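Each structure below is given as structure tokens.
Look at the two complexes coming up: chain A is in both, with chain B in one and chain C in the other.
Here is the complex of A and B:
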């Protein structure tokens, strides 16, 4: 009798530890979706999904390309909405799709322009497995399917190519910035802000990217490249801003980490190049005669990185003059971006939110017609630049040439 | 029963864990958007005042729990009925908390596990704890208190260093005036979690230094209140007002946003650990209050024996009180505070205090006159 009790007790005491095994999934039964692509369905009905699934055996280091197969496999499926399409995929994929490691959601430009993406966001927002840190990008001038099936040479997993190049442009160039699904939705919901998303494009022969030959040559036939920022209005893509204009937007959003600015000197164009190490942006609003005025104040700190003409960089007065020129140049750039956004009537900077915070009563009137109010909003840009050092040389060698 | 004694630090720990319990997990007063923390602050102030009421009652009857002195104050018949209702209330609250924890676990990580299994495991652990008694529970509390604090502190640092805090999200303060905040305070935050201190009226008689009860409980409430406020502020600052309304568990969303140096991320396990610890203490204390009340009321000798039947009631109530999450939350936010928390936490204790005040004044006058007559006599003896 005592023995039976003991055995029973042991079985019962095992119960709490086994509770976690209810949902148990073996690694070999899971397909890790690294990136999810969303395209427009046939004839504009529903959605076509593309799954970039990691092929674990072929990613391990040391294989050096040869021998093993491709690091990823790309599957497609379609359905009336995201969940439907994802479940339909099981007809082809032999494993359960697992989204906890999805880093990127790629949406094709066509879909974003024609139908808008409001119908796909909720599925991404609601699913407990999906990470809130997942980034959202737009496949510009191509489809999500082509984007996700392109192999990349430096990063075995093409999705890392996307996330890393976003990271690195944010740090070195400042024309793009990480935008997660959360950021996007909060811009979508807010009345005083329009969301933006990073654009990516394919350069080269688009249909060649899926073959191994693409990574067998030193110059790949197709590469994935960041390309501008997409502006959204009511869930639909309405326009793009590129290059320096995009950098201006990133500057206002206080996301610039490092970048470079060229200035003219003594009539020579782009004679001096300056790099930014740190930058801080503050946006404030003042209400004057019931009219809001936005002030964008940017403070940045940098070094001289290149001077292609004889100039005395040892002279603090000269440095001061360069600083003033740099300030002017940044100011012009940022104002240009703001003008461009005002033309499109899209407040991508969240100026509306700033007014909401400073004067909630005034905002109640303005928010009804914010897009038009934003178009003729008065915005001042104030820039303070500080140049600290000039590399490991003082004056450029051209001073000695004289 | 009288042999059970806990130290004042142990009581402090229990108050702290109980108050933090599920309040940190669910988005408390989140309907107020950026002003939620003000409602928590006001709720804490109200809760402290309420506790003074409970403490006054305790100081009138330092040896009796709530269900005991209810009978002394209102008489045997009404007192027994009230005592019984309190027991039912405690059981109901315990099952609500169980459901909260179960729902959270099933929506986030155990998505395919039935609620029944998760709640059963929780209740079995709670029954075991009750069987061991309050002293053991208090000691476990001391251990886990350190752990919770360490986790909370690490979590706080990680959130700050991941650059998630955007204090501008807290503005504009009091956008729609103070009225919505006061309404929310009255309807929600004063009762949950601060008014729930009512269960400590059952435990206070077991304190080994009754004089410290007031100080210990108030400081426990203040500390946990501050923590809840800080958590609310962090949630608002890092999620923004729109996301906080859509998140049933804002803290979970905040924690899953932590991304430090590309390798410290996906720390949801912090949250789950806290949730299970906090939930465990909240359920256990409610449960214990119910068991104590029942032993007192029905003159049971051994409170441990009641833990199984009460446990099953809690378990089945936790599964049947609502058929889905939306219903559970609606009951919790709209119905329970007004029809249950207000009468049991605020109205009945206040009435009891008024009656007790008059009864004890009479008694005091009597004893006072006895003392004066004695003191009049004493000089003669000298």
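Here is the complex of A and C:
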């Protein structure tokens, strides 16, 4: 009996050690991949991966850091698929590649156009470490490798330049909106919606971005810049929409957080600038004579931010007129985007999904040939604009000049 | 390991009614017969659980059985202890008595024997120098004896002494030596008279005592500034001054074969649960040791559970705390020679209540109490979280922070756990050194410690600055627990959790915390569930649990503690301006 207990005690006391530091990894043994770049492999075979790996000692300032070296190191590897390439990278990288903090996946335009990205997504979606909130962007007119090796001047980590500038444009300009891997995949699998992705481009001498000299000058030789929205169809990049057209798309997708609209007044072009503070978009579908009609209704609140001609902003009638003009302007812009998308036969707005929700039976018929049906879909855009304030002035000073 | 087992196997609830000492045993024996648990003996050992644990216990007890045998040998010798009361009667001849005292006390030099003459009768006064108040003896005993007395008074000298001459308040007649020594050693004066086989004992307790001073461990901003002292009488008086009720009862006993330490049990009759009082009495009576070092000894000898890091009795040096707990139905145990009074039953939440909680308004008190509970858990899982996050869950740390920590750890030669362990141990050493060293040196140690840990170690690259932050955060959080007993419990468990976190990460921490809570829920303090009123949940007693509600809502005493008498206040104690109807009636009253 005594023996039994002794043995039992020994066995139980061994239990906590049997786990044996399962999955334990020290911070210093990890290579934090901040951004992952995917390029087309040589001769169109397989993939070339680019890892933007943070060099912790050079990022943080203070007692321990600030060695003055480069904040990132970029490694490359190739393989027949993503996992293969990632494992191949261990030949070069002295630490375990760690994707939990990866913020951005950059895919080159070439790859997206030629091979499509459907073979990439599964690996990203399946890996438990990789976050599905990672943003997906397209390197427009350049390679992912070049984009990821470019140093940026304001953000020590170049990846932050990409994510933060996306954040800011989304809030202030409204021409881009965050697209995560999750968003992209849900667009990818849906029959009534085509996915979009943000485009980024390099401006300047592309091959100079990787040198420290790029950030030693106040005007860097290369900068990373957002550039349009990429439209995907069946996993392949089919076209781009830019500028106001892109904003129209963001507007329909109800992702506009803040932007500005110019309107003409008394024959003067772009005389009044209005900023949007809040915007809400609702997309509804009604079926008329077995034909679906989509209504996009946008509710928009804003301020006057600039008025370059004498105009009585204290007059409610004038305000009403401005509001109508603003509505017209937004309506025009959104309709323009929809037309452009219809021309490309890409339903990036998810109108198909709306019809699916409203009339599933009808959708069954339409879904077979949705791209063509979308091309001649009737879409109405209704905009309600409200001017709330006029900044910290009422009338512009030019009124007093008279 | 035993502790581990103990954590794993949740305790069976002990029904409250089972507390009565008389029926306790029979109840547990019944349970035993129904083949449920092995309670009957284990309960008293402070261990109670399912069969398997009883088995472990018996294994342990067999391991110690050799020592037990040795103890029995000791018992035989202890029968001749000088502390053992002897019931021999006092002799008629006072000379014989004096000789006996001299002989038995080994001619101790602090025994004062003063012989006197009362008329034709001779006698002696005996007291201990230093224990007795020599001024009272000379003023109220010697002086009145030495006055000239009439013959007829001296016909009955003993009666005269007892009724007139000895002008002291508390006077007893003693007949045996056991009692004599006991009183003598308590500081009383024994007056022998030739020809009588009895003596008079006069209460002259006195001598040097520490004055009442400010509390040193339980500080309060707004509360009273007096604290208990080493003298039991002062302490009981401090409590009595706060509760002027005839129902405040004090029972006394002496514990310790040699030390004969005075113990007082104080409770309010009618509020305190009789069964708990009886239980405390029984547990105190069970104590049979040669020496009682202080209330810490008593605490450890009467608590329900030895195998726990959590305190199941409360101790305080503040009379206001004891008074408020007595009114709630708790029972105070006062031990002579210790400025800390034990109160029982103690609940988990009680250790997070500070006296200032009640002296300030409820909103502030609530916030601070929640802060204290938070910091308790911070102290508990701080280093464990650091180890788990940096070795298992790097994805949980915000990117920038992860990079910052990685940068700091770049040149640290140890894995995170070893780093944390070294720092924590060094800190514990510093803390202990600071506590034990003479005050003047303590300052120097803390400076050296701060320089060595805070600066040199970081600069040398042995530890990362984050670790220093974690350790100091943990330390500060640990200090904010109002009860030291609870704080050291977190201090100990911190290392256990750190160990588990190294193997199992956050999964291990949650596992450890679950076991800790299971264990807490299984604890009892004199039959009261330790986690009440949270578990078992009692809606009526929530006003002073996690959140301190306004004072006027304190309408009921803790239901489980003061079972019968729970109403504390009159109705409608909510303060506020007079209501309109009251106003009117008041005006009417004025006019009349």
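To be clear about the criterion, the second predicted complex is superposed on the first by the 376 of 402 C-alpha atoms of A that agree within 3 Å, B and C clash if a C-alpha of one lies under 4 Å from a C-alpha of the other, contacts with A are read in each partner's own complex, and residues count from 1 in each chain.
Simple rule for what comes next: contacts are C-beta pairs under 8 Å (C-beta built on N, C-alpha and C of every residue); 3 or more make two chains touch, one makes a residue touch a chain.
Since this is a predicted model, take the numbers as computed values, not measurements.
> Once the shared chain is lined up, is A:5 touching chain B (first), chain C (second), both, or neither of them?
Once the two structures are laid over each other on A, A:5 reaches chain C alone.
> Residues of chain A touched by chain B versus by chain C: which partner has the larger set?
The larger set of chain A residues in touch belongs to C.
> Between chain B (first) and chain C (second), which, if any, makes contact with A:289: first, second, both or neither?
Neither: A:289 stays clear of chain B and chain C.
> After superposition on the shared chain, which partner residues are touched by A:182: those of chain B (first), chain C (second), both, or neither?
first
> Is A:57 touching anything from chain B or chain C once the two structures are fitted on A? First, second, both or neither.
Second partner only, chain C.
> Could you say whether A:32 touches chain B, chain C, both of them, or neither, answering first, second, both or neither?
A:32: touches chain C, not chain B.
> Examine A:23 and indicate which partner it touches, taking first as chain B and second as chain C; both and neither are also allowed.
Touch status of A:23: both partners.
> From the superposed pair, tell me which chain A residues show up as contacts to chain B and also as contacts to chain C.
Touching chain B and chain C on chain A: residues 16, 19-20, 22-23, 129, 131.
> Considering only the defined contacts, which chain B positions touch chain A in the complex?
Residues of chain B touching chain A: 107-113, 117-118, 121, 124-125, 168, 171-172, 175, 239-240, 242-243, 246, 253, 256-257, 259, 265-266.
> Flag every residue of chain A that touches chain C in the complex, lowest number first.
Contact set of chain A toward chain C: 1-2, 5, 9, 12-13, 16-17, 19-28, 30, 32, 34, 54, 56-57, 59-60, 63-65, 98, 100-101, 103, 129, 131.
> For the complex, which residues does chain C have touching chain A?
My answer: residues 1, 4-5, 55-56, 59, 62, 390-392, 394-395, 399, 402-412, 415-416, 458-459, 464-465, 499-500, 502-505.
> Would you tell me which residues of chain A are touching chain B in their complex?
Result: residues 15-16, 19-20, 22-23, 125, 128-129, 131-133, 182, 185-186, 189-190, 356-360 of chain A touch chain B.
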